[in-house]
């Protein structure tokens, strides 16, 4: 982390050396303002347009040119809504909701968004986003359980079951990928892959390809039932600004998942070694940062588009179908991929 | 009957393959909609963007027997009140007075409450002088139900006007008798 | 000067409000069938930024389509009360606006118009109205929102 901050100090070209905490805040602000918010906006817009196109519709086109301002309109409208008023404890202030928000906005620290924004790069860093996702799901569960209504409790349980049934096979798949790379460290994972598709982890062996598919499908199972779409149960407790936060939560989950999938299986943010060395020697860190971000986000966007396309033309799955899929198909496949990867990459040692 | 291990494994694999096939198949069958250019049936633009008269259908494009809003040509109307009698929802309200022409009545009030109308077309069928008919117009909105009331009446007749008509009619009758 | 600035902000707020009317469909009759057509790919209601919400708490527009009986009246009222401000109501078809073919001389169980229960912003004529007519209603409602003085 110290090296990273040194690099940032050079990048910002500051003559005096600011305290390290300030630098961390600068990095986080950079990630927020330049990456997450614009990307969230773009994805929310393209999601609606793409869905409309796949259903042979036009999609929003009255707000701004081709409906570009539609998401902005939704946002401003949601912030105009009255705060919840309330009859007979319809909506209770809840600590779990606040934890959810805090986690949502601090979770960026875990995100691998290029070699210059790796704030946490330890031997366990690949598992951290999983913990974040688990806690987000857990918060949703507790939030709905604490509302004291039968329907809302069931809604919360449904969300929890979806998350669990998606997360187990995905965790095993993650282990397979990290086994191939040799570490749970983001930098090692990215260095183990190349620039072109034939050297990406997903295409090096059939087992890793299976584990890639399992990872993606597990993510879909996990995020297909967001609180917003969970029927009347959980969502009736959310409105106006809170509802906006939960929408952000769904997007965030999908984004996190896709970024991790790209880093693990699709060659991360790698660019040609000669270019990277050249830029590093001439100390153009800002350029490195933007090129890496561009490469990573382009791949992520593509993956998210494919995933959205598949999600929008297929029916949503019920809870029992999700558990069924997880238990009977995803888990065995992920185990097969794990064992296969062990044999594949350890073949020379065994022989 | 118990299946062999091989058979059940084969079935399992087939199920997975079928599932993948159906999921990806629906994705690929929806893909042509993304690319709008081309002569294929799937690539055609189907959405009618309503307020735009080019891509959406206007009233003129509707089929000839469309039942739109009711319109009354008040000059032809005889004030026979047949439509008022047959209307199942009582949305037509008529008041009449004697007219200059003895074969007709002066229709002072002819209100059609479009908010009640159920577009059944009975009034149009019974109309003898063919003054009442369905237009193809269908857009009609109001901020109150009172806004949806359409008035076709000619307004009340003043007593002086009535006397004038009476005098005129007498003159005509005398002329006819004289001839 | 200051007022002018406020007016600009007001304009933006109203623009946002009118361009994302998420609706809740309170359907008791056959007009909702026509509404389904409006949502479909032929007449795409999402062009106006309207999305159907299953939950009145997240909706801005309550679309009442169909006759409201004495029995269903309290539920309609509850749904309206649960919605958060700013909220709008649209009554579709003759059943919702006056009781239509089921109005009191025929049956006392039907309420002659939703406006007797909740304030209605716009009525759309038709039995049922064509999809275009519903969209025309939405456009008129948008005009009403942008012309209104309330914030």
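To keep things simple, chains are lettered A, B and C as they appear, and every chain counts its residues starting from 1.
Convention: a contact is a pair of C-beta atoms (placed from the backbone, for glycine too) under 8 Å apart; a residue touches a chain by one contact, two chains touch by 3 or more.
What you are looking at is a predicted structure, and each value in this text was computed from that prediction instead of being measured.
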item	value
Pair joined by more contacting C-beta pairs (A-B or A-C)	A-C
By mean Cα position, the chain sitting nearest the middle	C
Relative to chain C, chain with the most remote C-alpha centre	A
Chain B and chain C: spacing of chain centres that average the CA atoms, whole Å	21
Chain centre separation (chain A, chain B; CA means) in Å	52
Chain A and chain C, separation of their C-alpha mean positions in angstrom	37
Sequence positions of chain B contacting 2 or more other chains	46-47, 49
For chain A, residues contacting two or more additional chains	55-58, 61
Shared-contact residues (touching 2 or more other chains) in chain C	41, 44, 47
Residues of chain B touching chain A in the complex	16, 19, 23-24, 26-27, 29-31, 33-34, 46-47, 49
Residue ranges of chain A in contact with chain B within the complex	50, 53-58, 61, 309-310, 313-314, 329
For the chain C and chain A complex, residues of the former touching the latter	12-13, 15-17, 19-20, 40-41, 44, 46-49, 54-55, 57-58, 60, 84-86
Chain B-touching residues of chain C, taken from the complex the two chains share	41-44, 47, 94, 97-101, 103, 105, 113, 115, 121-127, 129-133, 135-137, 139-140, 144
Residues of chain B defined as touching chain C within the complex	46-51, 56-57, 69, 88-90, 113-119, 138-145, 147-148
